[in-house]
Amino acid sequence: MHPFVRSNASLIAVGVIGIALLVGLPLALELFTLLRVTLFVIFAILALSLAFIWGYGGILCFGHSAFFGLGAYAYAVSVINVGDSTLPIVIAMALPALLAAALGYFMFYARISDVYVGVITLTVTLIFYNVVNSTAGPQYRIGDVHLGGFNGIPNVPSLNVPFDPNAVLGPQDMFWVCMVALMLVYFGLRMLLRMRFGRVLIAVRENESRVEFLGYDARLHKLIAFSIGGAIAGLAGCLFTAWGGFISPTAFSVVQSAQIIIWLMVGGVGTLIGPMIGAALISWLTASLGSQQTVDANVVLGTVLLAFVLLVPKGIAPIVTDQLMPWFLSMCRSKPSVASVSRKDKT
Amino acid sequence: MFDALNFAVGEMNAAGGLLGREVKVVSFDTQSNMQLYAQYAQEAALKHKVAVVHGGITSASREIIRPVLGKYKTLYFYETPYEGGVCDRNVFADGTTPGHNTEVLVDHAVKTWGKKGYVLAADYNYGQITSEWVKKYAKERGGDVIGTEFFPIDATNFGSTISKIQAAKPDWILTVLVGGGPISFYRQFNAAGLSGKIPIASTTFGAGNEQMVLTPEESNGIVVAYNYLQDIDSLANKEFLTRFRAKFGADYPPVTDLTMSSYIGLLLWAAGVKKAGTIDRDKVIEALESGITVDGPSGKVSIDPQTHHCIFDVHLAKFKDKKTVILNTFPQRKPIDTAMVCDLKKNPRDAKQYVISVK
Amino acid sequence: MDLAILVGIDFVNGVATLALMSIGLAVVFGMMRIINLAHGEFMVMGSYSAAVAYHHNVNIWVAILIVPPIAVAVIGAIIERVIIRRLYGRMVETMLATWGLSLFIVGILTTIFGSHTEGVPAPLSGIKVGNYQTSGYSLFVILMSVVTIVGVYVVLRATRLGLLARGTMQNAEMAAALGVDTSRIYATTFAFGAGLAGLAGGILAPISGVFPSIGGSYIGRAFITVIGGGPAPLVGTVTASAMFGFVNQLATFLSNPVYGEVALLVAAVILIRLLPNGITGRYFRRAL
Amino acid sequence: MSTPPLIETIGLIKHFGGMQAIRGVDFSLAEGEIRCLIGPNGAGKSTFFKLLTGQIKPTSGSVRFRGTDLTMLQAHEIARLGIGIKTQQPSVFNGLSVQENLWIAAARHKKGKAIGQSVEAQVERFSLGGFVNSLAGQLAHGQRQWLELGVVLCGDPELILLDEPAAGMTEEERVRTAALILEINRQHPIIVVEHDMSFIRSIAQRITVFNQGMILTEGGAEEVFSNQAVRDVYLGKRAAA
């Protein structure tokens, strides 16, 4: 086998699966299921953003929904005002990135770390939640958009072909856009993690003071990672709004933040593939739970989180990378040489 | 609500179904999770291909469901009291709006209690808009609203508000509170020894059977106005309650206006289907627009073709020992608020919620 | 003047409520370095146990003051044995596990009681302040808050358990070497914290409604108060509640409860930025 | 004494709350030198290192490195000027492999193949060849100390601070470490904090003795070890303990 293929086997596998899903799902699924899968894809993007800053940057962000919600609202407000969705997507990523940068400067440059970062991010989310929730009065408008408080903003236009507001994307186009976005984010992050920046970021997670003794500015690395995570969460928020055509303050809620963390715990912190799978699995579970009346959804979600923290602290990612992926690869090349899959190359 | 709907469907099926077919209910628990409303609306429309969707409690959830069902051409019935203004040919709303009951309440307050009112409202669309209506109606009657406060849905501490109210010395209080937290307002109000000293009217009290949680001292004297109250003294209502209790047991909480509008909503849709002779969406809408009327436990309810809202009786009542005493009945009130902005006869392609400017 | 007294009572009541909500969480955090995110649900279980006892014709005072702490302490002890014990020393994992636990409890409570609001009436009537009325029960809440804090002080200061607990928390290995059964101390401390949460839930049951998801609105504030207060449970809770409670009430009085909440949160963010280890991490380091 | 010192501190003072950890230290080190810092526990040696590397800021006084005032600089800026430190507890990236540990250190100022060369040089120097892909956290204690030394060297520092480099090592490893330090000293000036006397004797030419946050005395090894004051505060106490 070509050495490039060998050293990038798991990456290529993810790419192949991704393209297979991209092409295959619209053919295999009926419209309604495709719409639902699109949502899972959007959540997978959201999961990636936290997987990056928590799993690789070591930043315990308990209030990740702040970026998701801000991106969602930024998109809703700007797309209704502008009409064309091209610029709003950029805004929906830029604003959360700016918020993350400001917050990161506020925290990291004061050497605040660990649980305290968690408390501050959680608090910031609560502030957003409270403030946005209290904008029901008619005086809260941005341009043509009434923020709507608890009810949120309904009837938000979906994405359109860039610079052509009349060519609104249909459900299938929407799926493609989200899937491509997911793959871009995934491979983008993978690439970033292979570059010096990414490696130093992981080193910061491992031992912040050692990184500084080596002459790297750990604070700056965390701040940049945090902003990138914020931008990706904003993108997810934007796609979410475009998908459902609405946004409400629950996007900022603690429950939303908790959801993302559950995805990570189930998928496996410190990996990228795990949280994506976690997001899809848990979202599917949540949706399925609502269609039955026997068990309360919270009981199941709580049990899942507890069980993973106590019994499967590494999440399901090791199962995927150590068993499924080699199996998949051996299927592809029909000649099993499982050992060549580098264990270090965490997917 | 869900029980009432199932009950109505059960009765209908027992009587041979609709157009000879059995009516089947597909239900979803949205866990109050907004994106699940969207998912389930899609699922209902695309996977189950239902003939009609009933549901959505909050205005927020309705505004999520409404475009989805509009897009996939599935008829939608919304049955909760709300702020008014929805103008969409695909949607029928049979809940009360401020035009139905708020005027009745304010009229009563200004005439019996005095000119100065104080409004406590939930901080969202319904609360904001209703409080505007209160102001307007009070002014028209020579009264005035001297203070308005908005609370988040989960607010539980009203100590500071109760102090502010005492400082303002209003003649009456009108509450537009919803959710579980605000129950503590009535409790704290009574604990401060103010029950009976400043009278309270409410557009929402009792809709969640708040009186069953509170003591009689805490809830006595609160004045409400609804289309349906369990204590309505009519033959139709008594028969309905007997059947309902037989199915769900005597311990089932009192039937509220909300429960009843779910029941009525289904009856209205069934009447439309019968008249149209099909479940085809466009034909059913036409049939419903022809002015369908049903006679239910709450009296005569008919659809207003112009707004797709309903015309029905409104009963003004006062709580006494966890029950209501009906003070007055205002027959066949129209959705006058929505009618100010919405005319689906003229503009059948409208599909939005108007914010009615209250002036 | 009368109005000033009335408003003053509101302020003190706000502070007292916050302290009452936080003290159980603070004891567990200060002594064990664990943040129990199911604390809000522990309080709700306290409220429900009070409501259930009351509806079974238990004397109202017994229902709100005796039943909840005992019931929740027992549940707390079981939870410590089954879950918390496996996670000592791993703060983040404990937070996540207790988060899962809180969802679980909300689900169980919804299954048992439904999502409608339960309640217990206030056992005290209103009292007159000049021309105004105020709730006698809110004075009782203030009193109970003071009693609880003094009680916790006495337990930590004067009892053998308190001494052992403080010793174990300072240096677990040393305590173990001296023959103290540290795992029992941890279990007792956690149950004690849970009991305090139950008591708070019982006392607050008559003023706030009781429904499964209300714990969410408790935990946020209690969590922030405890982190703001820092490692010393008593002094931390008192100082942080005084500060946040005052800010909250002031903003509420000047605008509305939403901005009251926002002001509290903003104050918390600023405090943590200035004093990452909380008030007692910087000042009163030797305090309890 | 005509050449300017590599690093010097002038009137360095550090208070922690009421406690005076460093009270007026004037220290200087010449280019190419190797210096040992000794003193009883709590004498201020580790605090002194923290002040030199910018982990904490002095209450007053200043630190100058080749004429640059370090007092207001951040830890990573000081590191970039060329001060490397091996801390008391081995401080490496436990979750990363040996190779990755060294790579990160070298990649700060090198590119492409030069990084690999640095990494390989240190792997060879510390005989870590069999462990390049092991996680640093799984190494034996002594090896982890050496890895940290390698990480420091990969940064090509102009001054190396070593805080108890032989702590927790076997006798055999100590001898090896002493030899390595002397070898490193051929290219790099070094300051070493140590307790082990035989270790100090094997590497030190000049020794500075700290006591109660101040410099007690300074001089050649034999001179210092025979100093009565040093015996009293340090050796005497150690013997008694």
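Residue numbering begins at 1 within each chain, and the chains themselves are lettered A, B, C and D in the order written.
Assume contacts are C-beta pairs under 8 Å (C-beta built on N, C-alpha and C of every residue); 3 or more make two chains touch, one makes a residue touch a chain.
Which chain is which protein? Per UniProt: A, C = Branched-chain amino acid ABC transporter permease.
All of these numbers come straight from a predicted model, not from anything done at the bench.
Work out which chains are contact partners of both chain A and chain D.
none
What is the chain whose Cα centroid lies farthest from the Cα centroid of chain D?
Chain centre farthest from chain D's centre: B.
Using Cα averages as centroids, what's the distance between chain B and chain D in whole Å?
Each chain reduced to its C-alpha mean, chain B and chain D end up 76 Å apart.
Counting in whole Å, what is the centre-to-centre distance of chain C and chain D, each centre being its mean C-alpha position?
Between these chains, centre-to-centre, one finds 48 Å.
In whole angstrom, what separates the CA-based centres of chain A and chain B?
38
Mind checking the centre-to-centre distance between chain B and chain C? Centres are C-alpha means, answer in whole Å.
38
Which residues of chain A are in contact with two or more other chains?
Residues 130, 133-134, 255, 297-298.
Give the residues of chain D touching no fewer than two other chains, as numbers and ranges.
Answer for chain D, listing residues that touch two or more other chains: there are none.
Give the residues of chain C that touch two or more other chains, as numbers and ranges in rising order.
216, 256, 258, 261
Determine which chains touch and list them pairwise.
Pairs flagged as touching, ordered by label: A-B, A-C, A-D, B-C.
Name, in rising order, each residue of chain B that touches chain C in their complex.
123, 149-152, 154-157, 159-164, 166-167, 180-184, 187-188, 190-194, 197, 208-210, 213-215, 217-218, 253
Help me check something: in the complex, which residues belonging to chain B touch chain A?
Chain B residues touching chain A: 27-31, 33-36, 38-40, 42-43, 45-47, 58-60, 63-64, 66-68, 122-125, 127-128, 150, 152-153, 352-353, 355.
Which of the residues in chain D come into contact with chain A in the complex?
My answer: residues 53, 55, 74-77, 79-80, 84-85, 87, 91-97, 100, 103-105, 107-109, 133, 151-152, 155.
Flag every residue of chain A that touches chain C in the complex, lowest number first.
60, 106-107, 110-112, 114-116, 118-120, 122-124, 126-127, 130-131, 133-134, 254-255, 258, 261-262, 265, 295-307, 309-310, 313
Under the definition above, what is the set of chain A residues touching chain D in their complex?
Per the stated touch rule, the residues are 196, 199-200, 202-203, 205-207, 209-218, 344.
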